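Shared between the two complexes below is chain A, which pairs with chain B and chain C, respectively.
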Partner chain A sequence: MRRYLLWRLAQAAGVLWAAYTLAFLLLDLLPGDPVAAMAGAGLNSTQVTPERLAELRAEYGFDRPLPVRYAASLGDALRGDFGTSVATGRPVADTLADALPPTLQLTAVALPLAVLGGGALALAATFTRHRKLRNLLLSLPSVGISLPAFWVGLMLIQVLSFRVPLFPAFGNDTAAGLVLPAVTLAVPAAVLVAQVLSRSLLEVLDEPYVGTARAKGAGRARVWFRHALRNASLPALTVVGVLAGQLTANAVVVENVFSRNGLGRITTDAVTVQDIPVVQGVVVFGALVFVLINLLVDLAYPLLDRRIVTSVRRSPA
Partner chain B sequence: MTSTSLLSVRGLRVSYTTRGGPVPAVRGVDLDVAPGEIVALVGESGSGKSTTAHAVTGLLPPGGRVDAGRILFAGQDLTALSEKALRAVRGARIGLVPQDPAVSLNPVQRIGPQVAEVLRVHRLADRRTAARRALDLLARAGLPDPPTQARRYPHELSGGMRQRALIAIALAGAPRLVIADEPTSALDVTVQKSVLDHLQGLARESGTAILLVTHDLGVAADRADRIAVMSDGEIVEQGPTARVLGSPTAPYTRRLLHSVPRLDAAPIAPPQPSAPVPLLVAEHLTKNFPLPRTAGGPRTLRAVDDVSVTVHRGETVALVGESGSGKSTTARLVLRLTAPTAGRIVFDGEDLTDARGARLRALRRRAQLVYQNPYSSLDPRQSVGDIVAEPLRAFRVTDRAGRAARVAALLDRVALPASVRDRRPAELSGGQRQRVAIARALALSPDLVVCDEPVSALDVSVQAQILRLLVDLQADTGVSYLFVSHDMAVVRRIAHRVVVLRAGRVVEQAPADTLFSAPAHPYTRELLAAVPGRGADA
Partner chain C sequence: MTEALTTDPSAGAGLRRPGEPAGRAAPRRDGRRLLRFWLRRPGLVLALLVLAAVLLAAFWPGLFTDRDPLRGAPAEILRPPGARHWFGTDELGRDLYARVVHGAALSLKATVLAVAVAFLMGSGLGLVAGFAGGWVETVLMRLVDVLLAVPGLFLSLAVVTALGRGTVQVALAVGVAGVAGFARVMRAEVLRVRHTAYVEAARLSGARWYAVLGRHVLPNALGPVLVLATLDLGTAVLAVSSLSFLGFGAPPPAPEWGALIAGGRDYLADAWWVSTLTGLTVAVLVLAVHRVSRALDGEGTGRR
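Right, the complex of A and B next:
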């Protein structure tokens, strides 16, 4: 087990490094110049002299060759220093730390909402004996997955904020303000959970051990909750790991639709003004979240199913 | 008989809904089981025997429907009961021993609670009492050290142990009838015998009746008081075991009895060449597989341990053993589908132990494989013609027209009509599919064909035909067979020499005549004694 954990942590470090490097190279390939963009953005009316631009480039280190910049920034990143925002002049780490709590709040509500909602939908779809209702429920996920998050958000605002003023349409301040964005964020994730869990439930319900349970005289509720659900939840758990990435990505859209502060907002802002250090920081942070959640998911498998052994696979002797 | 019957099925009709409309599976079955009686329902796949049994428990697979008839159990018509009333019958008054113990226990639940669940569902005990009684039940089912086993998960138990746990579940509610649906066909013969002995003993003790569904006439002969033979949804014959087996009246029963492989049946193998030429010589083969690491450091499983096998030209050598004996691994080593940890493989004078690339490909051309399961070893998307022609294409043998001619000749050789060439495997029966697999194996005119349990997934009447085909092909072409099997009766029919494996080691190796008439090793004797049906001589 300890070997396994060390191995997985090494893998995680590898993924983070790869994400960092890829982001660095891709952002470097972008046309335009962050320094020029910054100068243009900050000093709209005044003309920036070429001398001043060169000075700025030297100040931020953009005049050095690529490998040198890469080595330097990687070294800094390892010490927790992700550079300074070219737009605001604040350290990237601080920018992220400020933006994190609202986003964390949002996803912390959205993820359980997605898992519970999706799970309930899957259970209802497989449990009902009503044929038409079952077909309707089973088709909901494919409908849900094709609704873009911004559209869902706008619809919710339109109906539950403007027509029936139940929840505020934007803002970070109140708990009620969290409801609509969290629901918007949860919908695409929930339908994914529902889709995978209902498929897997239908499969498991055909397994011979479910037949054994029925032959014991067990009722439907017992068969579903005691026998089928736990066996069927492994694929859904895998999806939850993937959702961590999806939620972060969708948070960008949702935070903009609802005018909330958070990681999504600073990402949009950073991309708009080509604030490369911030974008880089967001990418690495996203990778970190993704890697951590998936490590947790992998560690949870053997708790659900004892046949799964967490150990390092060795090549045959 | 009806007045004394515990179970009395009258005019039962069951059909399955398919896209093409309802397909009848059971067509007017009358069947009686008296209290304490063991009745065997015998038939081949598709005969409707399992459907009949499942109809009794009210647990038909999706699409299944009782169209007509009555199922009287202790005076109560089960077909008229609500789902809720049926639940009170299941587990408490009718127990079920399912077919495949490997998949019939909930993999994420410990054994003990799974047994105790029956008592909890029927409110026969509170939580604590149920747990304690589960231990008793496991002990009665013949599981050693119940407190330890009860805490284990199904995958930590052997197949025989799991079936014992399932027997404990079936008997937990002290039912008056147990339906055993092919309870041992997934188990090794020696395990099969002890499990059936135990089930029979427990039933006798408690006066429980058993409806034993089986394809194996030998099992039925050994265990049942009465036998009902099913074919095509109808019972063609039923009566006391000795009468049905001794003087069968229905032609189908006679045919079925005739095709059962028996230890005392005459071998059908062609005579061996008088001057044996070794084709395959495998010496001191050893194969280790790594196991998951534990605190004790790395561990390995020695699946094959110092096994030496020689196959001569035109000879059939049988590798016999139970699951875990290393027989399939040995077959894979011989074909170099997996590399041995130690040992030497010489094929036709050439050392192929470390062969790679072109030399290994040359071996592939001369040594072929027929798999156990014809349902999964043929690509469902290819036509039969493409499947048989694939080896010819892979080795670029002849042109398109030449291949077509060769495919036609091969299909003819395995006695398939030319029309199957454009069909897909799903449209063929199990026996036909295995013929396709054999035609594919013969496409390159190999010197050696390794058959891994080639008939164990087939019905007995089809088994007999496939064995006959293999023997005829050997007589015509002089091909050698390495025949992997767990079935001593099948081996008796076609092997020239037999190698008995146990736990990766050769325990006995002898010409077939010697081995079957005078087995030297106690384990060989045990294997032979465990073959069902020895008690029933027609």
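Right, the complex of A and C next:
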């Protein structure tokens, strides 16, 4: 088990390093002069003298060759220093740390909503004997996946805060203000949960042991909840990593819709003024979330299903 | 073709049915069956009609409206939908229907470009990885794993940061985010085809590697990748409109769909139609794309 753990940790670190490199190269090699963009954004003027540009280049180290810069920035990143924001002059790590709590709060509310909503949908769709209802419920996810998340948010605002003033439309001050963004964020995630869970439920319900349980006289509710759901939720666990990435990314858009503070505001602001260090930090953060969640899922697997430890402990892919 | 198409009307679109016969040689005269196939799937017919309408609007917007999407009438500011203005008017008195129709060209261009980038780069990577094998495959697929580890939107935003805003930039950004998916599917398919008897036979009979690749492997590996491309079309519409909603698409007067929806958010309280109807258009298009791609996946060929 310890060797497995070390192996997975090394793998996670490798992915993070590669993501950092990818972000660095992407932002560095693509056309467009970062220094000119920075100067234009930071000083808020159209005229920047060539001397000033050269000065800025030296200040941010852009006059050095690429490999040197890469090595230096990677070394800094390993010590937790992700550079300073060009627009605000604050360290990127601090900027991200400040933006994180509201976003974390939002996703923490949205995740259980998504799991419960998607799970309930999958259960209802497989449980019902009514054929039309079942088809309707099974087709709901494909409708949900077609709706732009930001549009869903705007519709919720329109109906539930302007038509019927139940919830505030904007801001992060109150707990009630969290309801609409969380629901908006939960919709696409619930779709994913419902799709995966209903598929694996349908598979599991065909298994012989379900037949045995029913033959022994277990009621439908008991078969579904005690026998089928347990085994069906294991495959659903694999999408948790995807779910986390999706929630983080969608949070950026949803926060923008509801004018909330958080990772979303930081990110869109940084992209608008081409604040490269911050964007790089956000990309690496996204990879970090994905890697951490997948690590946790992989470690949780053997606890939930004891057969896994012996069978696929060192699958490389 | 029709035989495979007509075997299974409702059950599990999108599920694989490996045992199904490929049924290619069904006779053409069987027109009634074909008719029944379409009649049983009103949703699919509707989806194809929607796609056709959007395509027409993208290339010949004049077919749908003769109004100028950019010129506003001060006397007709924020008019609700009606006979004169089907989708109502916006805050400058511009006809929203005309703007949505003309926006189709921009949004569709970005979407198609995005899918093309993802398709070419992704399947190129997957093809090389699957066909070359060895360390080339390891390196390329590790790269793809990294692309998968970063949420697509963040990748797109990084590309937009580097390239600046605009329709083409957004399209490239969305395309980059889609590369990993194509690479994986293509590689899996190439691996599957590479070990079939006919590829071995072609090799043994002395065909050059590029002939094997181009004539035998590629055509047989392409099907699922094309299905993914149609599915990705829907995803790309959403991603492009998200980025455009965030304000990274074409600059203001251009009627990109995402930007139109964003423009309506200030008037949600008293002009519901601006955001609602535009967003509904996007949703209907994506639904149609998903329906068609599901048909291609589950019902079109018996192969998947």
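The definition used in the following text is that the second predicted complex is superposed on the first by the 304 of 317 C-alpha atoms of A that agree within 3 Å, B and C clash if a C-alpha of one lies under 4 Å from a C-alpha of the other, contacts with A are read in each partner's own complex, and residues count from 1 in each chain.
Convention: a contact is a pair of C-beta atoms (placed from the backbone, for glycine too) under 8 Å apart; a residue touches a chain by one contact, two chains touch by 3 or more.
The model shown is predicted, which means the values in this text are computed figures rather than measured ones.
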| item | value |
| --- | --- |
| Chain B versus chain C as contact partner of A:V291, first or second or both or neither | second |
| Contacts of A:L154 with chain B and chain C, given as first, second, both or neither | second |
| Which superposed partner A:T212 touches (first chain B, second chain C, both, neither) | first |
| Touched partner set for A:R3, first chain B, second chain C, both or neither | first |
| First (chain B), second (chain C), both or neither touched by A:N135 | second |
| Touched partner set for A:R230, first chain B, second chain C, both or neither | first |
| Per-residue contact with chain A, leading partner among chain C and chain B | C |
| First (chain B), second (chain C), both or neither touched by A:A23 | second |
| Residue numbers on chain B that touch chain A, as the complex places them | 57, 59, 62, 87-92, 95-96, 98-100, 103-109, 117-118, 121-122, 153, 155, 166, 169-170, 173, 288-290, 292-293, 298, 300, 341 |
| Chain B contact footprint on chain A (complex, rising order) | 3, 206-209, 211-219, 222, 226-227, 230-231, 304-307, 309, 311-312, 314-317 |
| Chain A-facing residues of chain C, complex | 10, 142-143, 145-147, 149-155, 157-164, 234, 238, 241-242, 245-248, 258, 261, 264-265, 268-269, 272, 275-276, 279, 282-283, 286-287, 290-291, 294 |
| Of all residues in chain A, those that touch chain C in their complex | 15, 18-19, 22-23, 26-27, 30-32, 135, 142-143, 145-151, 154-155, 157-158, 162, 169, 245-246, 248-250, 252-253, 256-257, 267-268, 270-272, 274-276, 279-280, 282-283, 286-287, 290-291 |
